[in-house]
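Should a chain be cited, it is by its letter among A, B and C, assigned in written order, with residues numbered from 1 in that chain.
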Amino acid sequence: MIALLTRDLRLAVRAGGGFGLGLAFFLIVVTLVPFSVGPENMLLTKIAPGILWLGALLACLLSLDRIFALDWEDGSLDLLATSPLPMEALVSIKALAHWLTTGLPLVVATPVFALLLSLPEAGYFPLVLSLLLGTPALSVIGTFGAALTVGLKRGGLLLSLLVLPLYVPTLIFGAEMARRGAQGLDMTTAMMMLAGISFGVIALLPFASASVLRVNLR
Amino acid sequence: MASIWQYANPRKFIETTDRILPWVAGSSLMALVVGLVWGFFFTPDDYRQGSTVKIIYLHVPSALMAINGWIMMLVASLIWIVRRHHVSALAARAAAPVGATMTVIALVTGAIWGQPMWGTWWAWDPRLTSFLILFLFYLGYMALWAAIENDDTAADLTSVLCLVGSVFAVLSRYAVNFWNQGLHQGASLSLDKEENVADVFYHPLLLCIAGFVLLFVALVFLRTQTEIRARRMRALLARERLG
Amino acid sequence: MELTVQDLSVTRGGVPVLEGVSFDVAAGEVLILRGPNGIGKTTLLRTVAGLQPPLSGHVGLEREAMAYAAHADGIKATLSVRENLAFWAAVFGTGDIASALTSFDLAALADRAAGGLSAGQKRRLGLARMVVTGRPVWVLDEPTVSLDTQAVALFAQAVRAHLAGGGLALMATHIDLGLDEARVLDVGPFKAKAPDLDDFDGAFL
């Protein structure tokens, strides 16, 4: 399991791995927002938590189809399926690798991007905490979508269509937590719900992902 | 008495539904015509909402069927996963566009009703939002069916998607409720009759709901038959190609 | 250790292609499947390897006993030959990759990026993976594609070493490997016939 994780991380970091693409995409989204809604700081302050959450979510979505597609094309996925590694462990590791290469960098970079959108000072900690709690769920749910569409040519658009509705609860609670935090309101409920969703999907969804991956491999 | 599963044989299913389809379709038409005419022309205007209230005869039944359609797909998917009867998977596939259409009807009639009542075509009210999300789930489900060539693979994948989607749909419902407390009036119908809409509206509404249920059943039967025949045709073509 | 396949029926794309396939391969034996293209050799091998469920019938060994290799070798272009092999050794819980490297004459290439290998060298790397799995049953689908004569001889040697160690092999190939002890099974006679259309639920197949 560790071997698979280190291999995936190594592949992501080496040339052509696409590491950092998500971050660049996130930066571009954040840059484009003031162009589309205007440069007033008041407005930006108000929408900053939501925009940052949406940007992180889209950046996450962007790299989902790479989770299995490359391993599928070169046959590694078949070979992994015949290995001693249980399929549930395989999809969990894949989700973890995706989070480490996409989700975690987003969480770390968010405070910098938040500056660009004049997030109030009180909002930084809740925003980072909400992303830290929420992005694992995005990776795990995304892995399910990627497992559903692996092997489909031009599956990228379909993947978005399948995954985005599943992202709704995570986005609602995550952005709500960040927003309440920025306004200095109580954010306990949203935080509990967000954490609940994350832990729930991490515990349960790999079973569904593994079963659809098995179907797709036969 | 033979087991209920005998109807899972495609041929048996087509024979049986052929026999009862005209009756279901006929009674659906009757119930809808009587219910709608009664509802539109022979009930008084509401003292607050005027005649606009009469759109409930389309709005409430279609909204009910939008949700029940998804539940039916969920049950059919479970049957496919557990017992692997092809008819069950095809029935789920057949129900999706019908359910999606019901969702659109519910959304559109809701907008038409909302405009004079709330002064806006659309509001991000929890119920409306939930229906929009439900519609997205229907879209994804249908898109996945359409994208996969192998029928058994598609049936397996869409079944799991339906299961997972159901959990997330319920989760979304709660999330949306938490996110915005809305304008929408409470449920118009419940088993506790005290809380129901007034009697004069109640009876034609029940008739309309029955009509929509029967209409849904008739359409699903018809579409399942089509899916079975299309599936059979693809199987024969595949067999021919292999020689 | 013996691989017993009983009355196996396999499907491709929901259509049965082979039915009633039975054979056994004892330890130290190699069985070569022959038959025209499209008859279902790949499907049969994938079913035996546990990658897809059989329509009916029985494969006598758990998939945990098998190592499978097909046209795609699962090689990562940006990893070196050694890293590629070490990864599979780690996944299968075996440590030693040195003997696999030498038996396929890859030691000199060990630190090259796998993306820079020729097709034949990649294939050798893919076959070296079979050695590091440490699994007793090799299931090989056209293992000699893009190998030159010398490499085919290396491969035959590796198979012999595997058999000598108590392993067994099942492969589909069209060329003569020089493995005189190999048994050959023609899968042509197992071609599936049209099913009974009144079959419960089976009217689709």
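Basically, a contact is a pair of C-beta atoms (placed from the backbone, for glycine too) under 8 Å apart; a residue touches a chain by one contact, two chains touch by 3 or more.
Every value quoted in this text rests on a predicted model; they were computed, and no experiment measured them.
Ranked by distance of CA centroids from subunit C, the top chain is B. By count of C-beta pairs in contact, A-B exceeds the other of the chain pairs B-C and A-B. Core chain by CA centroid proximity to the global CA centroid: A.
Separating the CA-averaged centres of subunit A and subunit C is a span of 37 Å. If each chain is reduced to the centroid of its CA atoms, subunit B and subunit C end up 48 Å from each other.
Separating the CA-averaged centres of subunit A and subunit B is a span of 32 Å. Shared interface positions of subunit A, defined as residues touching 2 or more other chains, are 218. Listed in rising order, the residues of subunit B touching subunit C in the complex are 8-11, 84-87, 149-152, 231-232, 235, 238-239, 242. Every residue of subunit C that touches subunit B in the complex is listed here, in rising order: 13-15, 17, 38, 194, 198, 200-201, 203-205. The residues of subunit A lying in touch with subunit C in their complex are 2-4, 7, 10-11, 14-17, 71, 73-85, 217-218. Subunit B contributes residues 133, 136-137, 139-140, 143-144, 147-148, 153, 156-157, 160-161, 163-165, 168, 171-172, 174-176, 178-179 to its touches with subunit A in the complex. Contact residues of subunit A toward subunit B in the complex are 144, 148-149, 152, 155, 158, 161-162, 164-166, 168-169, 172-173, 176, 189-190, 193, 197, 205, 208, 211-212, 215-216, 218.
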